[in-house]
Amino acid sequence: MTNSMNNTIERLKSIIRNLKVEEIDEREVKIEIKPEMVLNALSLLKGSGYSHLSIITAVDWIEENKFELVYILFSWNDGGKFIVSTKIDRKKAKFVTVKHLWPIARYYERELHEFFGISFEGNDDMRPLFLENWDDLPPLRKDFDPMEYSKKKFPDREYHKDVIHEAKVIRGDLNG
Amino acid sequence: MTVLRVIAVLLTGFFVGLTLEGIARKIMARVQRRYGPPWYQNFIDVFKALSKRGISHGWIFDFGILMALGGVIATLAFVPLGDLVAFPGLDNIFIIVYLFAVGALGMAMGMVGSGNPNASIGVARALTQMLGYEVPYLVAIAGVLYYYKTSSVSGLMMAQQDTWTLFKMPIGGIVAFISLLGMLGKKPFDTPIAPAEIASGPMVELSAKYMGLLMLMHTFSIFVEISLFVDIFLGISNYLTFLLKFTVVWIIATLISAVLPRFRIEQVVKFYWKVPLSLAFVQVLFVLLGWVF
Amino acid sequence: MKNKTMPDKDFFSPIKAWKFLFKKPVTIKVPYVKREAAERYRGFHINDWNECIGCGTCAKICPTDAIKMVEVDDLPQEYGQKPQRPVIDYGRCSFCAMCVDICTTGSLKMTREYVHISPEPEDFIFAPTEKGIHGIEEVPVGWVRDEASELLELERVEMEMLDGEERVQSFIEYVKGYSKEQAIHEAARCVECALCTDRCPQHMQIPEYIKAIWKDDLNDALKWLLKGDETNNMLGANPFSAVCGRVCTHKCEEACSIGNRGEAIAIRWLKRYIVDNVSDYKKIIEIKPAKKDKKIAIIGSGPAGLSAAYFLSTMGYDVEVFESLSKPGGVMRYGIPSYRLPDEALDKDIAFIQALGVKIHVGISVGKDISLESLKEKYDAVFISTGFSLGRSTKVPGTDHEDVLQALPLLREIRDYLRGEGPKPKIPKSLVVIGGGNVAMDVARSIARLQKVEYGQVDVKVTSLERTFDEMPADMEEIEEGSEEGIEFYPGWGPVRIIIDEEKIKGVELKKCVEVFDENGRFNPKFDEIQKLYLDADMVVEAIGQAPDYSYLPEDLKEQLEFVRGRLVTNEYRQTNIEWLFAGGDIVNGPDIIHGVADGYWAARGIDEYLSKGVK
Amino acid sequence: MGEVKLFFGPNHPGMHGNFSVHMYVEGDTVERARPLPGFLHRGFEKLMERRLWYQNLALIPRICVPEPDINEVCYAMAIEKIAKIDVPERAQWIRMIILELARIASHMMSFPGIGGPLGLYTSSFWGVADRDRILDIFESLTGARIYHMFIVPGGVRKDLTPKIQDLIVKTLDYIEGRLPDYEDLIFKNRIVHTRLKGIALLDRETALELGVTGVGLRATGVPYDIRKVDPYLFYDKVDFEIPTATDGDAYSRVYLKYLEIYQSIKIIRQCLEKMPEGKVNVPLSEGSALRYKVPKGQAYVHIESTRGEYGYFMVSDGGEKPYRVAVRGASYPQTFIGVEKYLPGTRIEDVPIWLSTMDVCAPEVDR
Amino acid sequence: MSTNERSIWEKIADQLRSKSLWMLHYCTGCGAIELPPSMTSRFDMERFGMGPMATPRQADILFITGYLSAKTLRRVIYTYEQMPEPKYVIGFGSCTLNGGIYYDSYATINRLDYYIPVDLYIAGCMPRPEALLEAFNELMRMIRKGEANGWKRYKENYEWYKQNQLRSLGEVFIHDEFHE
């Protein structure tokens, strides 16, 4: 870990108890925190130079019945990456927006709403972004089966040709 | 006899116009390091377009296109092609410019009739651009008219016995050529039809037949514009030398267009009113002062 | 490196582009000019049908589900092959060449052909052949697999064994068995082609239990071993998994598709890994069949007999097994030396069979203590699996000497001795074993161990008619391991006589064998009488084959039964001409344990069918 | 004329890829604009969860069409990070060569990218034709022109033979020889100057606030390049510069790309020189490709694509398929907030230039 | 199905049409990346009189360059119906045939000819420019022979196509959700 990352973690620890820190490699650290502390942590990180928001995404831990929200922050100064993760309830998938910290978060959150069904307090623009006339579970949830949906909606082609016969003709085993 | 001459003029306009457009595509292609389509490609394109079923957008649309084509064809009939003059004595430049406006007006009417916003923007641009190039062009021409004291195009041509007007009044010639580029819609002045911005602008709603008619109209108007330039600035010519000069002007315009991007519309107007217009006035001033080579 | 400031405006610089007016264009005039694709190009496929084995690995790796295996009816039906060939849907294919990289035989390749156009969607599905999809005689080959792009792991996880010097000192099992990591690694090599299942006489569900190992779910793996395909009459179950996991002839590994280019998956060792690493079958496997009120007698407690007992009892029958020797297991108990198959493994299997309620009567010899007829009276059906218990002799002069021994009795004696139940057999200082089969190897290696313990050195020679190790019926690994243990091999010699001097064996005289089988493939050895070889020995063991003993069959039954070369003829359900009499094991099929298990399985199904018919 | 509603795309010649911007135009100026993505949405992140680790290789390059290799590298590096695989050195060098070739190819596409909107079709025709030479290299190196499917977790699929090396050297010489022609045609062109200078402005604060990366950020004067800031592969072992500009306009962005082509050529030459002999890959895990497993873990890997920070966030649950992969499309900020907030005020003539130089790339946004 | 009988005028027109195919410049999928090379100097499809057109009104061919998401399919149907007859459709690559690599995707269609008629398919993922040019030549041949009748099929089986479109899309109508 770089010095600045160490210092930042120290500062984080001072405001957040029970901080779970996992070092993925020398410039990448994952911290797991409770949902209510996320905003504090994010603004602290933003203030400490980790101001570039790479992505906001989510992971569906269906067996734990949780969504893991992941914020990845990056610093242009030392190349350090913080993966800030928090777990929220899957049934009542709700969280607070960070669009005041990063304007682009508005669209990441909108995307998460579309693909996971997570809504964000303070971000009212939750219209569908990528899909049109969607009529099933949010597609990136683990209990959604795309194959089934595809079968239902978009029929496959059925071939009726006797391929083996044709192959034999090509091989010269059979004539015409 | 007049009828025959009119037919000859129109056929020349048709065949030479389309052939040269094909050749322009080939030249473009060469600059772009490729072979390009065959020279007769534009004939095929026009006839193909005419063979397809088009979609009309109401009678204003239909009428506008017919008016555009008719206007341009009518204009062409009055333009002298070297020594081939369909209506001797009637080839007054003001008649030609006036008739030419009918075509442009028809086109504007038809396109706006299609109701597509891109087309409206395109027409607005075309009209703005017209404003841009017409002023310096007419000022430059006015200098020529004043100098030769005639408004007959044949008269202007015949008056260049000793030297071409281009050499007599080089500044005016350059101004007229730059304006010509604008008229032809060649880059950097093809703003009205910019495909990447407004999806071919005026032509956006033109399908099949209408497109074919428009292509014809385009060919004829190119022919009119360049013919005027050749007649007024490039000396006396018979039919053949006229075609030769025509080709040279056309190729130079094509080559310039091959290496330049297009202006923004307000840049077009700004440009025309800044450089060519002031040059044109300078030229007029020279003419008035008698400083002519 | 270049000027970093932005260039200034230049009125004339764009005009430089006009230079290309007079230069040759860069255009490639397709379609008048055909451009060959690059050497590695991933175009359409070719598939060498003669090389392809229809394993279907390509279909499994395909990320787009583009490959389907389609039956081809007139392909040769051979083990290690499936009569199917890949059919590729170019409405799916993404041209990633994973199928090429993983192809187990290397028959599938990609060509440099890239143009295929048609208005008809049906034209986009093909079974690629040697001539590609367009029937071109010489298709330019594009992407082929090489060492770097290999997607299979060709080398087997090495099994740890005691080395020759060490293992020859005792009868301790020298194959250590896989650890968990090793087993999972080995299992990960499998591509689930199931060629092994086809090859296995019992059709064990090998890919399934290997997959279960890979997923580290041993209970599931054990279920596949002991219950087979539960939806299909337990096809593929094997009650002797612990035994087969050690000493099976593993025909499956010969069929293994990975073996085409690399080393076959160690299917046998993986099986052994499963049974070695589960504590007690009973706790894992639940078999609670509905009881049927029928009784079945089984004669002989070898692999076939006990398997039949196992399968019958899973069907709910009452089964009783009669064994003439003092312990059940037959050849597994008395034939195979304990360094290959320790008793504990066998006991584990037999204990599970007994736990199902099978009664095993030991020490009862049918024909002597109890007659077959009386069994017929008491039981609804009888299954005989008495095996090959008699030895064969070369009958060369001197074989009637007391120190010329038969292999099977000797092996039995050794095992009884090791178990502490019998006297110490005579241990020769030097031994000649006549025969090139696995039994000969067992004898040689057992005696070698005894010699090592007794005298501290090994002096065992093995002679066989077959002139090369490949021809010898013994497994190659047996021969290799025997050599490591100090056994000398003399292949290609036939015995002439046993040299006996003063009532004691001095050695064996041998002549060169030039041909073992005649043109028709029949056993008909030819010898070169001039070339001779003398081998010293004070004991000779003949291990050239065994024969059945049908003395327990009453004459009238024997007459009804049909024999071919000493073997009983049965239908596919192992039913003999006498409808209540079923048979299996060596006396029907042979030659190994897994065939015996298969016999037991089919006989059990046959008996079940026969008896349920009787009810009707 | 009042407000006119214009549909810019998806079917529009000025639009790169299948993307749409709806705007209200007042006169010639854009009043309001809304991005409308999703025409290329294929559900990659879901499809990846359904495929084996190795099978995904065929899927991922398709996320970004003009520069597919960045996906392969990100995917491979993420797996290698989670599984702690040591990739053979030669493979890393070959990856760098591929990445830089792809960067050149993609930057070459920026000539048509501005040639189209400007009407300077000669630059489009030249640019694409010269880019095709790079595709020829890819074809002989990887076996395919567009979707290479060549960089695998653990290395690359095949070795770089001397023959291909010669081809690369020759092609680089050719491209380097061609670049001055572009400078003459485009960057010195008076009209290009008038059209591009001061257009589509983005200042440093805005760029940083939005999260704009890549050339868009560097054109505002900061040398922020992930290759330097957070080096991956062997970018810390080669010598190259990060060209920057201070204007933050369309012209400087295109010109930076042009300069980066020189840097990429320089990097590739160094790679060819420094590349050791040896193996080109190690298996991702034990066994056959059907049974590759990646241990439990999470990782975020990002690299510098032509459009900026391109990243993969990957979660493995220890199984034979990825548990979750999230892709950060490099042009996400520009495409959404950029179009919505900073496109208004632009004249419609400049909208395609704005979209093209801001690197709005639909496939990676839609995924 | 559609008859192959053409009047003499149609035959002449077909000759001309085959020599002057204008394509619609609509990049529906990843195959569009191979279109620029075929359009530009390296392969130069203008040699055959082909060129990009900015609007569907002027186009003769519609390229479906690879996969189509349901959202795009709506626009494609709109576009196709806007094109003047005769019009032709070429399906690029695997995806248009049977879904390609996105066969299991929830957002993309699997077979194009279920929704609009397709005159010619090109195999590959993606098809190389050479394959595209070969295909264009093949299409020209088909037009000359009067075999490219997709547009007639669409008219004849309009009901069937509409029904399929509705089945997969729910509704073909495009909501203008981004404008209040």
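Here the chain labels run A, B, C, D and E in written order, and each chain numbers its own residues starting at 1.
Keep in mind that, in the parts below, contacts are C-beta pairs under 8 Å (C-beta built on N, C-alpha and C of every residue); 3 or more make two chains touch, one makes a residue touch a chain.
All of these numbers come straight from a predicted model, not from anything done at the bench.
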item	value
Chains touching both chain A and chain D	C, E
Pair joined by the larger number of C-beta contacts - A-C, C-E	C-E
Remotest chain, chain B as reference, centres from CA atoms	C
Of all other chains, the one whose Cα centre sits farthest from chain D	C
Chain closest to the middle, measuring from C-alpha centroids that were averaged per chain	D
Cα-centroid distance, chain A relative to chain B, in whole angstrom	58
Rounded Å distance between chain D and chain E, as computed from the means of their C-alpha atoms	28
Distance from chain C to chain B - Cα centre to Cα centre, in angstrom	88
Chain centre separation (chain A, chain E; CA means) in Å	36
Two or more partner chains touched - positions in chain A	130-132, 139, 144, 146-147, 157
For chain B, residues that touch 2 or more chains besides their own	29, 31-35, 195, 199-200, 258-260
Chain D residues counted as touching two or more neighbouring chains	5, 12-13, 38, 41, 43, 46-47, 50, 58-59, 122, 125-126, 129, 147, 185, 189, 366
Interchain contacts, given as pairs of chains that touch	A-C, A-D, A-E, B-C, B-D, B-E, C-D, C-E, D-E
Interface residues, chain D side, partner chain A - complex	37-38, 41, 43, 45-47, 49-50, 81, 208-211, 213, 222, 224, 226, 229-231, 297-300, 302, 309, 311, 313, 315, 323-324, 326, 328, 332-333, 336-337, 341, 366
Touch list for chain D against partner chain E, complex	5, 10-13, 16-18, 22, 34, 36, 38-43, 46-47, 50, 58-59, 62, 65-66, 109, 112, 124-129, 131-132, 135, 145-147, 363, 366
List of chain B residues in touch with chain E within their complex	25, 29, 32-38, 41, 44-45, 47-49, 51-55, 195, 199-200, 203-208, 211
Residues of chain E touching chain B in the complex	13, 16-17, 19-20, 40-41, 44, 46-49, 53-55, 57-58, 60, 82, 84-86
Chain B partner contacts - residues on chain D that touch it in the complex	1, 4-6, 12-14, 25, 28, 115-122, 125-126, 129, 185, 189, 191-192, 194-195, 347-352
